[in-house]
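Quick one: the structure is below, and I'll ask about it shortly.
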Amino acid sequence: MDFRVEGVSHSFEGQPVLTDITCGFRQGELFSLVGPSGAGKTTLLSLIAGLLSPQAGTIRYAQTPDLNAPIILVYQDFILFPHLTVADNVGFGLKARKWSRATRRNRVEQMLRYFQLEDKADAFPAQLSGGQRQRVAIARAMVVSPAILLLDEPFANLDRSLKMETARFIRSTQREFGMTTVAVTHDLEEAFAMSDRLGILLNGRLRQVGPPREVYFHPQDLEVARFLGPVNPLTPATTADLLPPGTDSPSKASFIRPEALEVEGDANGPGCIRDIHFAGHYIMYTIDLRGQEIIVYSQQRVLEIGQRVRVRAVQA
Amino acid sequence: MDFRVEGVSHSFEGQPVLTDITCGFRQGELFSLVGPSGAGKTTLLSLIAGLLSPQAGTIRYAQTPDLNAPIILVYQDFILFPHLTVADNVGFGLKARKWSRATRRNRVEQMLRYFQLEDKADAFPAQLSGGQRQRVAIARAMVVSPAILLLDEPFANLDRSLKMETARFIRSTQREFGMTTVAVTHDLEEAFAMSDRLGILLNGRLRQVGPPREVYFHPQDLEVARFLGPVNPLTPATTADLLPPGTDSPSKASFIRPEALEVEGDANGPGCIRDIHFAGHYIMYTIDLRGQEIIVYSQQRVLEIGQRVRVRAVQA
Amino acid sequence: MRPLAKQNRWYHILFFLGVVVLFCSPVVVLVLSSIGPHWQFPHLWPQEVSWEPLNTLWNQRLPLLRHLSSSIGYSLATVATTLLMCLTPAATLAHSHFRGKTLLEGLLLTPALVPPMTYAMGLHVAFLHTGLADTFAGVVLVLSLFSFPYMLRPLVAGFEQMGTSYGQCARNLGASRLRTALEIELPLLLPSILAGGSVVFLVAFSEYFLVFLIGGGSVESFTGFLVPLLQSSNRALASACTLLFLLVPLMLFAASEGVVAAYWRKRGAPI
Amino acid sequence: MTLRQILRLAPLLAPFGILLAGGVGLTVAQSLGVLLPVPVPGGPLEGYRAVLSAPGFWETCLFSLGVALASALLSVATGTWLGYALWRLPPQMRRLGIVYKLQLILPHLSVAFVVLLFWSPTGILASVLYQLGLLEAPDQFPNILYSGYGLGMILAYTCKGVPFVMLLVLALLARFDRRQLATARMLGAGWWQTARYVLYPHLRPATHTSFIILFLYSFGAFDIPFILGESRPGMLSIAVFNRYFKSPLDKRPEAMAMLVIMFLFAATFIVLYGRIVRHIDNAARKL
Amino acid sequence: SEPDWRTKDFERIIEAARGTTVRWYMYGGWPHVNEWVDTYVAPAMQERYGISVKRVPMNAPVFVNKLINEKSAGKDPGTIDLVWINGENFKATKNAGALWGPFAEQLPNWQRYVDPSTVAQDFGFPTKGYEAPWGRAQFVLIYDAKRTPNPPRSAESLRRWIQDHPGRFTYPQPPDFTGSAFVRQLFYATTGGHEQYMDGFNATLYARNAPRLWEYLNGIEPSLWQQGRTYPQSSATLDTLFARGEVDFSMSYHPPHAQNKILDGTFPASVRTVALANNSIANTHYTAIPFNAPNKPGAMVLANFLLSPTAQLSKYKPENWGDFPAIDLDRLDQSQRRRFEDVDLGPATLSAETLAEHAVPEIPIGYLEAIEADWKSRVLTN
């Protein structure tokens, strides 16, 4: 179901938390909402779910949400029913829809299998690990095929492979049933990988909305760019070093991303390695380039701290 | 303080959760414990913290933990005291150590400033966002300079920049006071970047312990390797395609990581692009290489689904 | 599905008025019957007003105040005693499991639920031998002995709900057992303590037989004043006295409730 | 039970033991005809025999049980609902809602008197009906208080019981996360499902405890029957009261025997209740 | 150790009591009585003897239980100096050895004003000087002259009245004190008067006579309030029913009760009382001293004062209480007697002469127990 948030503002105890949020959400899309801690993401989800009434503005749904087209919010801290087993938690929504015991059991089993929780079917929430709880919460929401699914940090407690699988599952179910999904996440990689569109919420304002690549490569301003990943600002001085000779400093892009740079050992290079961070599939170099700090992501494994290097933009 | 976990096993209701864990932890190191959800990470931390008694095995501390050299656990779900303000939560440990009001206030203020919580000093936990709560929990633990700091998913609810700052702060405090830190995390990048050593817990067993690079590049077996990131198994058939001609299929490494491969458009190439995932600073290509699925991380932006390509190992 | 945040105001106001009428009407009736001793069918309120009962009360104000303060004294002391008695046992009952726990929990309810005569005589003899009879301490003790279940139950429920993690966390941060109890657990248990304390206070404040048997009249009690009136047919004076009786716990409750509610509201909890 | 647990339970076990040994002990002894203030002829079981064979004893028992059961059920159901509904009110109204405590404070005797004033054929309700023209004379008013079904006592006990249940329920609700209700609503749960599977489990400690307390209390107390009690069948508590306070001392064994029987009944009831409830809750747990 | 005050001269006792406190345990449900004690007795005692009187309200069954326990625990001294007592409670405490005495005959006012024959027995149980009289009571029916201009005055006419006015009469369920007394009166009336029972309990006599009582009671039962399905559990409830107009009669063991109720506004001014002809049970109420009374001299002085003509007169005045004197008015001098005769008891209270005319003594306690027990099986459950 598509819906529009129009000019919504909200404040807690006089402190504005959301200011004039306007955004349309399209039928069947996966929209990721990213933003720093305390930006108001959870608050926005609560507003969309109807758990809070906006103090200004409105939210228009294409059709009134009801039992067959519900809006479901999966809370950041799950809110499982502590007195129900995992299976009963997951089957809760189906019971409300008066499914027969047998069909319900089947569906729940299938769901639990999907989330690798079969052996926890009879456990109570208190007996689960953090990630298991999170999966139960997601399964409980997905099982009723919501028209709008709101996920607050759905992957925070999941390891990488579960995260990927869950994302993939949400993605495919979502496509199949055309459910509109809004996910709040801190995991930008995941957000880029799975979303149709990204919304960037900074200080209570929705600063930019667009497909991941667009947002990543054409951020509206430096603040947005910075939020999406480390940036190396392009000053006239560094431009000369980084860009191939003859290239003009591009007027629009005033920064360059660490992965768009290449680093090479060069005893006479203008840079000097200050710090090296191993991060698995890449290595993060912090390089002092004529007094300015430059970050480079690279596969280069042979460089060492203190070594002199040359840094250049890669040709894409 | 250094300590040793020796042959520790634990089970819940007859279900073994940890089996025969043995590992030494070194004074002042930052040890990351990674493993899939439900592997028993939280349980292991609780055992180290002394909140659970191991059902088998022992934990030996170099010196008995006490008020001046405490073991502090930061819970996965924070457990902030709901009736105390942020400042009082953070100052609680100091109060227990009978610090005077003034010195306490100074120290707490400094801590809050560090975690960007100054303006929330008088707020109560119910008025905080998820990430704010997490920061309060970490601040509350760090403020008493623990001899052993145990962190359960300290970054789960933090955005990237807060995560990095927090990691850096933990790292520097930890170095300064020589406090041994064990952190459970799902964020492998962060784990690689900040830890001295990594421990990989799969199915209740500690499968491998070592510095991040060692573990990443020389995983003990395919299971560990897979957990740390996607791997492309090397079969005789693919080896020919991926490795430079003349290279023998390496006997030990039977797989190759996605970032160690390069992809290039080539109308006559053996591969065909199946799927493309944009993930910010890299792009994940899923490539069908003569019937086998190969994952490649690349900066290449020009390729499209269906295009024929050639894949090769990069020279490091 | 109607938006969850929208709440039906009229329904709330109607319900609220209903509650007020339901619970206040007895008091209104008591007020009317205290000034209208001869209030009869079919009048909705007394036709003639008599200040006689209030006059009598006023004439008795000094002894009344004395009795009242004695009652308040031993009732508050009983609340404190039961709280001390119940804290650790309630934590134990809430957080540990052993064989026969349910049975024990059940048996611990009995003192409040059987007629006090069941153990009054035996206790009196025991108190006579230990010199507790006819003393303030004796009265507090006997009241605690039979009203503690009203404190125990809410406390156990409160401990169960609180879980062990707050205590663990505080201990982990280096707090002593005492500090953990005082600064962490007690505030979190406050709603339960308030609930239990209210009932214990009321039970102690309303008890007649035990206070007289053990206190022997040397510990004065307001019920000693009130109960004979209630048992007699002087309804007007009984009503007036009941209203006076009502006043003390009411003020106490309003005060404690206000303090606790403000305490938790400030902390963002849904009280 | 470990020694540690026993030690931690000691602040209750010790006084409870004294109460049982010292208090109930003497009662048992006197019921068996020993340690009496004045010697009474008859064998040790004479008291029990006299009590159990007294005319109408079993009828009285059943009637007392019925009154206790009805008033406890009614109180728990109404009190839980009212407590929950009060908790749902907007904060200002909720705070004023503590007027519910008024009836908690009123002594039982006063409540009985108020019930009498309201429901008797010449009472306030009758007056209201009369003023509305729906009633011409008191004798047209339905006979509620002394109809032989204990309705008056049930009403009075319910008046006292409802605020008691509300108190316990509200104490538990104070720490209930409203988002659980929101989640249930979002998942489409109706009124019953939410109440049964989300709210009830949370309130269970309060409802069961208050049921036991109210049931046994109304079974054994005599303040309300003193005013609203009926003769046929009478309340067991009045029978005890009369034997204890209004009879010569040679009736003491009988009085004590009745008290012992009631004590045993209370203990048995609590144990059985625990078993039954656990059974029912476990059976109902499977959704 | 304490001197034996029973052998001491009363002057010495007064001397010893000066400056002490006497704790008097008494029923507290009558505000006017409380007030009389607080505003008349206490100041008078203070003024005359320097004794401060402390009234402790406590129902008799409670202090009876307390005393019996103290006796068995051997607690001495206790806390109670004087109690207001009679009937079964006296018997229970006396039998348990919890009373001190004899002391009554030693009181100067007892010697001067009491007719020993009237206080030799309390419900047929010999008093033996263990209690001193201080008031008299007699059973009366209470009715509203407006509603019932011609009240029945005998058992027989009462039966007819009840049957003619179904639902308008009831009595408190024995063993309520008042209800039980009402049934005892009917026992006298239906079986040919009280004289035959005065020599103590006679089982065969009882077995022969009682059926007539049951017949009477069962005969009126269908015409009682609520068709006799139920009886009020206490006389206070009956008062309330009467005050609200649900029944036409109340009853009391205290002749001034109706007048008191008119004064405090519970009953309308048109309420009157009536005694059943030649068949109105009267009894005496007493003060007694517990075995462990800490201040026995003070208690004796108070008991003696209560028997003084001034105290008795004050008590007799309806605005104070209206309780009938326990002293023999014939033993007073002329002027004193005049003052008693001049007391206006109020329109609702029968005159002393009328009452005396119809008075009959209480029945021995054995009959009382038998009647109460059998009322349950013969009237209630049948």
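Going by the order they are written in, the chains are A, B, C, D and E; count residues from 1 in each one.
Here is the rule we go by: a residue touches a chain if its C-beta (ideal position, glycine included) is under 8 Å from a C-beta of that chain, and two chains touch if they have at least 3 such contacts.
Source: prediction; values computed, not measured.
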item	value
Chain labels contacting chain C and also chain E	D
Chain pair bearing the highest count of C-beta contacts	C-D
Longest centre-to-centre distance from chain B, chain (CA-based)	E
Middle chain, criterion being Cα centroid separation	C
Whole-Å gap between the CA centroids of chain B and chain C	53
Whole-Å separation of chain centres (CA-atom averages), chain C against chain D	16
Chain centre separation in whole Å, for chain E relative to chain D (CA means)	36
Multi-chain contact sites of chain C, meaning residues that touch two or more partners	1, 4, 40-41, 120-121, 125, 188, 227, 231, 235, 264, 269
Chain A, residues touching no fewer than two other chains	49, 51, 67, 70-71
Per-residue overlap in chain E, given as positions that touch at least 2 other chains	69, 72, 234, 236-237, 240, 244-245
Chain D contact footprint on chain A (complex, rising order)	49, 51, 67, 70-73, 75, 79, 81-85, 87-88, 91-93, 95-97, 104, 140-141, 144
Partner chain D, residues of chain C touching it in the complex	1, 4, 7, 12-13, 15-16, 19-20, 23-24, 26-27, 29-30, 33, 40-44, 84-89, 91-93, 96, 98-100, 102-115, 117-123, 125-126, 144-146, 148-150, 152-154, 156-158, 160-162, 188, 191-192, 194-195, 198-199, 202, 206, 223, 226-227, 230-231, 235, 238-239, 242, 245-246, 249-250, 253-254, 257-258, 261, 264-265, 269-271
In the complex, chain A residues that touch chain B	12-13, 34-39, 41-42, 76-77, 127-132, 134-135, 152-153, 156-163, 186, 188-189, 192-194, 212-213, 216, 226-229, 257-260, 277-282, 284, 297, 299-302, 314, 316
Chain D residues within the chain C interface of the complex	1-2, 5, 8-13, 15-16, 18-20, 22-27, 30, 82, 85-86, 88-91, 93, 95-111, 113-114, 117-118, 122-124, 126-128, 130-131, 138, 159, 163-164, 167-168, 170-172, 174-178, 182, 185-186, 188, 205-206, 209, 212-213, 216-217, 220-222, 226, 237, 240-241, 244, 255, 259-260, 262-263, 266-267, 270-271, 273-274, 278
Chain E-facing residues of chain D, complex	35, 37-38, 55-56, 113, 116, 120-123, 138-139, 143, 146, 148, 225-227, 229-232, 238, 242, 244-249
